[in-house]
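Next up: some structures, all given as structure tokens.
Both complexes below contain chain A, partnered by chain B and then by chain C.
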Partner chain A sequence: MSARRKCHLRAPGAGDLAEAELVDELSKDDLIRAHLDWAPVRLMALKRLHEAKLPWPEHWHWDWSKKADMLDLLAYRCMGIEQDGRMQGLMMLSTIAAKGRLKAQEGKAVLYIEFLESAPWNLRALVEAPKFLGVGIRLLEAAIALSEEEGFGGRIGLHSLPQSEDFYRKYMTDLGPDSSQSQGLRYFEMSTEQMHNFLEGKKP
Partner chain B sequence: MATELTKRTMTLNLTDAEMRVLELLSSQKDLSKTAVIRQALRLYQLLDNRLSKGEKLFFEDTAKGEKAELMLMI
Partner chain C sequence: MKTVGMSDEVFRKRAAEEDGCMVSAIGLQPLFTKREEARHEAGEVSREPVRLAFCTLISYRRRALRFSMETLAQKANVELDELLRIEEDMSYVPEARTVYQLANQLKLPIPQLLVLSGNATSANSELTEAAVRFAARSRAVEKLNREQSDALNEFVKVLVEQKVQTKKK
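This part shows the complex of A and B:
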């Protein structure tokens, strides 16, 4: 059974913080519901971008309902941030330890983030005025917490789409393009020191 | 921030050799023995799932140019 923990998102429109909940283990139904909620909003936003001849976000085709079957396996876990009954962000994690690649933590267990996405109404790439900011930060915090809980020392790693590289470069070490990854995406890893800096400095 | 899910306790009977391997892996990977067992279970289920769908598992030694399928009875 999933547990819920209060967290906060920045709500620029309201000029304040909004209370939200981190749901630490989502079900397949949760993912399908989130997809049904997000898909029409994403389509409308893509239509607007298309008409304005603006670039689309690289992950525009992600469909969380198609990732739901991953949750049949212990090897995957999905977390989300819910606010007012709607998912504001989703994160799929591999709970099978990946091997650390940073020199200081080479070979040590790292929690690998498979997918991380904010709801379409929170993405600057899709809407002019995002409803909530800080969703990615909250999800990274949750990944660090799970990494600690799993005995991985808070270490996390991921491959980033090019449009998100600048975001991850602020908090993690860029280890360059990974030839073993099917799309050759750049691999990012957070060291223990970076984790402490991140947790201390990135509260809303 | 993440909260631990409900957990259940069981007794695990291992031979001396199995316990030595568990302790060695625990030390090498810097993980608790429980975490090693959890990792093994997750990996076992993942492999079983992929193999049951007809996928194959290979080990490749790029330096030697060798590639061998791992046949598992799981």
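This part shows the complex of A and C:
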């Protein structure tokens, strides 16, 4: 059964921090609802980008309702951040331990993030004034917490889309393009030490 | 969920760092989906979930009996690095002798374990289906929680109840 935990998001248009909730286990219906909420906003934004001849985000075609079937397997779990009844960000995690690739933690269990996305109205590439900031940060924080809970020492790993690499490079180690990933995306891993730096506001 | 987190002050700083960034991440081929679809299209019957069930069964059963890896390796007279491969490497097929020794120490039925380990085949689809269900329910964590213990007990029950006519490979 899912649990909810209060958290904050940064709300540039409404003062400072806005209260939100981290939902730690979403259902298929939650994903379908989020898709129906996000799709029209994303479509409008893409129309605007097309007219302005600006590049589209690489994940423009993602459809979380199609990822919902993954939740039939206990090997996957989906978390989200909800604010005022709307999903602000989603993250699909693999609960089967991945093996660490960083030299210092080679072979150790790592929590692998399958998908991570912020709602379209929170991305400056899609809207002029993002509604909330820090959705990606909150989701990484939740992944770290789950990694700790599962006994993985806060270690997390993911493959980043090229447009997101700069974000992950701030907090994780870039281990370069991965030939085992279907699109050859770069693999990023956060060590326990980097996790502490991330949470304590220090430089990685 | 464990409360590991950052202070509001750190969050404000990190959220500002996120401003203007894309954060999308995409995973490997999801387990049991694309690779399985490709194999299915090629007319192959995949053993991947069965092998995953074998690795997980050995690991869960060892932990349920409170054996460390070293203890089980010693009791079963198996090299520690081989036991590590058995628990972690889905592609590794241990010798029948090793499976026999592990089955004895872990109190698991030998013919069924020979099938799961890839040393023998069986026409018993119920065993394969139970293995697939178990693999799908498995979570690789340090300590078994109630859900994992239930999944393990249910699978061991099926293993013990199944009459398997094995054919050596």
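Observations on the structure shown:
As a convention for this text, the second predicted complex is superposed on the first by the 201 of 204 C-alpha atoms of A that agree within 3 Å, B and C clash if a C-alpha of one lies under 4 Å from a C-alpha of the other, contacts with A are read in each partner's own complex, and residues count from 1 in each chain.
Criterion: a contact is a pair of C-beta atoms (placed from the backbone, for glycine too) under 8 Å apart; a residue touches a chain by one contact, two chains touch by 3 or more.
As the structure is a prediction and not an experimental result, all values here were calculated from the model.
Once the complexes are laid over each other on chain A, chain B and chain C cannot both fit and instead clash. Shared-chain residue A:Asp37: touches no atom of chain B or chain C. In the superposition on chain A, contact is made by A:Met92 with chain C only, not with chain B. Counting residues of chain A touched by each partner, chain B versus chain C, the larger count belongs to C. Legend: residue contacts after superposition of the two complexes on their common chain; A:Asp24 is shown touching both chain B and chain C.
Of the two partner chains placed by the overlay, only chain B lies in contact with A:Lys108; chain C stays clear of it.
When the two structures are aligned on the shared chain, A:Glu141 is found in touch with chain B and with chain C. After overlaying the two complexes on the shared chain, residue contacts for A:Gly154 are found with chain C alone; chain B is out of touch. By the touch criterion stated above, A:Ala3 is placed in contact with chain B and with chain C alike. Shared-chain residue A:Pro130: touches chain C; no touch with chain B. Shared interface residues of chain A (contacting chain B in one complex, chain C in the other): 3, 5, 7, 24, 72-75, 95-97, 109, 141-142, 144-146, 149-151. On the chain A side of its complex with chain C, the touching residues are 3, 5, 7-10, 16-17, 24, 57-59, 62, 70, 72-76, 92, 94-97, 99, 109, 112-118, 123-125, 130, 133-139, 141-142, 144-146, 148-151, 154, 158-161, 163-164, 166-168, 170, 180-183, 185, 198-201. By the touch criterion stated above, chain C contacts chain A in their complex at residues 1-34, 88, 136-143, 147. Residues 1-3, 5, 7, 22, 24-25, 72-75, 79, 95-97, 108-109, 141-142, 144-146, 149-153 of chain A are the ones touching chain B in the complex. By the touch criterion given at the top, residues 1-6, 29-32, 35, 38-39, 41-43, 45-46, 49 of chain B touch chain A in their complex.
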